[in-house]
Amino acid sequence: MAYPTAALDVIGLWIGWVLMLMIYSYPLYKENPAFRTAEHMFIGVTLAITIITNFSNVMKMCVTPLMQGNILMIVPLVLGLMIFSMLIPEYQWVSRYPIGLLVGTAFGLGIRGTIKPNLQDAIIDTITAPTSGGAMAWLNFLYVAVGLICSIMYFMLTFEHKGMLKAPTRIGRLFIMVGLGAYFGNTVLFRFTMLTGRAQFFLQVLKLIPM
Amino acid sequence: MSQILRREAVYAFTGIITILMILEYFFWPTPQIWADTIRTWAIIVFNISLGLGAIRLLMQQSMNVQKRRENWQYSAMLLSLFVVMLLTGFAGYFATGLQTSNGIYDWLFINIYTPLGATLYPITGFYIFSAAYRAFRARNVDAALMLIAGCFVMLKNAPVGEAIWIGFATIGNWFQFTGQIPGMRTFSIVGAFGLMAYGFRALLGKERGFYAGGE
Amino acid sequence: MAIIVEGRVITFLWMIITFAVMYYYMAIKKDKDYMIRTLPALSAIPEAVGRAAEMGRPVFWSPGMSGPLNDSAQGPQVLASISILEYVTEECAKAGVEITAIMPLPDAIPLVEETMRTAYLNQGKPEAFNPDQIIFIAEQSPYLSGVLGYFQRAKPASNILVGGFYYEAVVIGEAGNAIGAMQIGGTNNTHQMPFMVATCDYVLLAEELFAAGAAISQDPDMLGSIKGEDMVKILLMAIIGLGFLLGAAGITVIADLLGV
Amino acid sequence: MSALSKLANVDSRVFYWILFIALMVPFLSPIGFPITIAENTRDLYEGITDDEVEEGDVWIMNFGYGVSAWPECHPSVTVCTKALFREGAKIIFMGPHYDVELTYNKIHDTVRDDFVDKVYGEDYVFLGYITGGESAIAQLASNIRSVYPVDHFGTPLDELSMMQGVNTHEDIAGVLSSDTGDYGVHFMTQWQAAYGSKLAEIGIAMNGSTDLPRWQAGNYFGLSIGSRGGAELEILIGELGEATTAMDSISVSHLLLIFAVILGNIGMVVQRRSS
């Protein structure tokens, strides 16, 4: 992307740069009016974008087909508007029907979709012996199977971690800690990459590095 | 009658939809029109329901201004920017079907929303640094294991790790491709069970917390 | 099993077995009261309130950004968090400790208010509850600023950070550390668990959050289904163990069966 | 309090300043550490090149990330878009974020040379914003036109030549989903698990830990993890770009963080000993 030349674009670029500094004045200094201004600007702009984007989506999916003769589309339109009864205490119960539609669909699709990848495929991969990789591959095969059994045992919620269960559940928690540690390490890469993008933008606007 | 309409009918309605979604999957190889209709309606209702959060936020911000609460000026600025963005966006939408066809909306979208959106979320990069420094401490065996796994994965992700010592990448790769698998796979399995438990209770009409004001 | 779509037979069987076992413990064996195992984070709540009483400082509760109650992933976490809030509020009412709730969830406000009012009522102090103890701040960043500002002003002795947290877990957890608060965390969002483990003294991981909610509410259906889940987990562990041994011996019958 | 135990309580802002400056230095004087390719990334690249993709195949590219995650996801999406276009595949762009149009404009910028001889409606289409979570992705598998009656620009799908006869999961050769949220998981549960659709995740590093077991179990045919995956893909396609440039800053910042963690732990040990 080249450095903008049109006046409005250059102004826009520098406004974005200043807004960035206003936001980062919070961690780099402390919570202050500049941060709060930029933050409220973001909420106001995002709110408008949210309303318009969803409005146009409802028009595309529901209202336009309704006006083109698809009478059934009146049902989701009415159901959708029923959700706003949440704002009127004595009619709050009316909103339970659209919520019921959302919850019912979410759980139905969730249940039917979660079993194969999260249970079947996961177990098949865990119990399938390595076909190459020598001793280390077999050690890893043992590690994952034992680790998985102990970690699941940790999440037995109606059996006290005592007696026979004490050792495997304790080991299970350690396997979980290793998982969370690796997760933490990967999260650092994600967060720092986003911040790197901002550091790059900082220098680009100052023309210290190319856009 | 109205009590049934407020409770039992709702739970039955939710349960039936859950069951229909499940039956379609197991008893028909291809999606069915009646299930398509339910899903399409759910998407539209979900779209419309997003307006609820927006209205609540607007009500709160307007109250701040009306009652001159502390920092009400920020709310006034938020509302005025919101109105400008909304009017110009709808002007563009009703003119061409695309809100970004309006010059003011497009300019605000590119030069106010984008930099702020690209700046606010990465603020977590700062906080993860101090969280790692302050909290990532080997207080006990659990924390020590988390610390070790985290550091080796970091040294594997950053190219400098391998440049310093190839062992960092080897050990880091072990944690990435083997070490974390039991823990992470357990969360997927336990999450699947949790979803089935909640779904089953909702299906039986025994899970009522989802509805406004609960039971 | 020709009526079940090919490739989905085992998925169907797995669902039916899970539901049947849960139903058995929810409905048929209802007389037996199931107990949730000791959850250190739950046992630490009286200690957290006692600490606040000693230091003369408030207790703070927040469910995190979570999502709407009807969100199938975040809704259940908010509901479990509100059950825990009831228990914490009762302990606070008993000890005469102030409790403040800051939350960004508009649709859960009635439930939170109702829960806290009931908790004070149960302790015979209905007049001690003030709706202003519940502060609603929408949107993630204002919510964060509000919480951090509250920490600076009130310096709560104990923080209860339980629910569907997003990246605010890092910020609030670390800020709570900085003011020396005792922190009890809990979430089912995997992406925030490392930060809670790092910044909190006690943590409810994944399903432990729902188990804590059930242990407090003593909802028989919830307890029954959790008991049912445990039983199916035992079956699962048996399959993994047997499958592993057979797999090591080159016998793939279980893996093949699971793929049907 | 001894100097060493003070290490455990350095004001966070000190680190924040050092971090932000440290992130900039490599942009001014690049270092360029070598980058090895991970197996999951290679599987992704090989799954969208050579005989894995046929001329005229229709693929979905889901922009499941917003402007804030551009540095993390966009380099990988750029490489994968180039690779698919060069194999003659047709691409449906879509996404669940309000700013998906900005990401669509950006892909035109970062893949400019490959877009030159591509025609909208024949080689690629932009369906735009989608919401509704798992229901929307499940319905997309069943009937694209019920979710998208028209494309982002208001053109009915029936008027776009590449969309003729394309309306269900069966008509889609493969899905590439790049997510900060859950839409990639929705494609897994409602497309890959349900119909065996070919699916890969171009994920953020944070989700790498949950995505890796799924790649190992075969739910994803390939997986790119964060900007590191982007740098590896840039090497595989032979055109270094933004992700490779960012790797030096990643290296510096990661070293800084590990140094701070060590500092914090030393401070803690000293504090324990002295108390």
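Each chain carries a letter (A, B, C and D) given by its place in the written order, and its residues are counted from 1.
Criterion: a residue touches a chain if its C-beta (ideal position, glycine included) is under 8 Å from a C-beta of that chain, and two chains touch if they have at least 3 such contacts.
Not measured: the values here are computed from a predicted model.
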### Task
Could you find the chain whose CA centre sits the greatest distance from that of chain D?
C
### Task
Give, as an integer number of Å, the spacing between the C-alpha centres of chain C and chain B.
17
### Task
Could you give the separation in Å between the centres of chain A and chain C, each centre being the mean of its C-alpha atoms?
19
### Summary
Per the C-alpha means, the centres of chain A and chain B lie apart by a whole-Å value of 4
### Task
Could you list the positions in chain A whose residues touch two or more of the other chains?
24, 26-28, 36, 39-40, 42-43, 46, 49-50, 53-54, 57, 61, 86, 92, 99, 102-103, 105-107, 109-112, 114-117, 119, 122, 124, 126, 148, 152, 155, 176-177, 179-184, 186-189, 191-192, 194-195, 197
### Message
Touching at least two other chains at once: which residues of chain D meet that condition?
### Response
12, 16, 19-20, 68-70, 99, 131, 133, 135, 138, 146-147, 194, 205-210, 213-214, 216, 226, 228, 250, 253-254, 257
### Task
For chain C, jot down the residues that touch at least 2 other chains.
8, 11, 15, 69-70, 72-73, 75, 107, 110, 139, 141, 174, 178, 190-191, 194-195, 197-198, 206-207, 226, 229, 233, 236
### Query
Think of each chain as a node with edges to the chains it touches; is that a line, ring, star, complete or other?
complete
#### Entry: Residues of chain D defined as touching chain B within the complex
10, 12, 15-16, 19-20, 33-36, 38-39, 66-70, 99, 101-102, 131-133, 135-136, 138-139, 141-143, 146-147, 152-154, 168, 194, 205, 208-210, 212-214, 216, 226, 228, 231, 247-248, 250-258, 260-261, 263-265, 268
### Message
Which stretch or stretches of chain D touch chain C in the complex?
### Response
12, 182, 196, 206-207, 209-210
### Task
Using the touch rule from the top, collect the residues of chain B that touch chain A in their complex.
5-6, 10-11, 13-22, 25-26, 37-52, 54-58, 71, 74-75, 77-83, 85-86, 89-90, 93, 97, 99, 107-128, 132, 136, 141-143, 145-154, 156-158, 174-176, 178-192, 195-196, 198-200, 202-203, 210-213
### Message
So in the complex, the part of chain A that touches chain B is made up of which residues?
### Response
8, 11-13, 15-17, 19-20, 23-24, 26-28, 36-58, 61-62, 72-73, 75-77, 79-81, 83-84, 86-87, 92-93, 95-112, 114-115, 117-119, 122, 126, 140, 143-144, 146-148, 150-152, 154-155, 172-189, 191-192, 194-195, 197-198, 201
### Query
What does chain B use to touch chain D in their complex?
25, 31, 35-36, 39-40, 42-43, 46-47, 50, 97-98, 100, 109-110, 113-114, 117-122, 125-126, 129-130, 132-134, 136-139, 147, 151, 154-155, 157-163, 169, 173, 176-177, 180-181, 184-185, 187-188
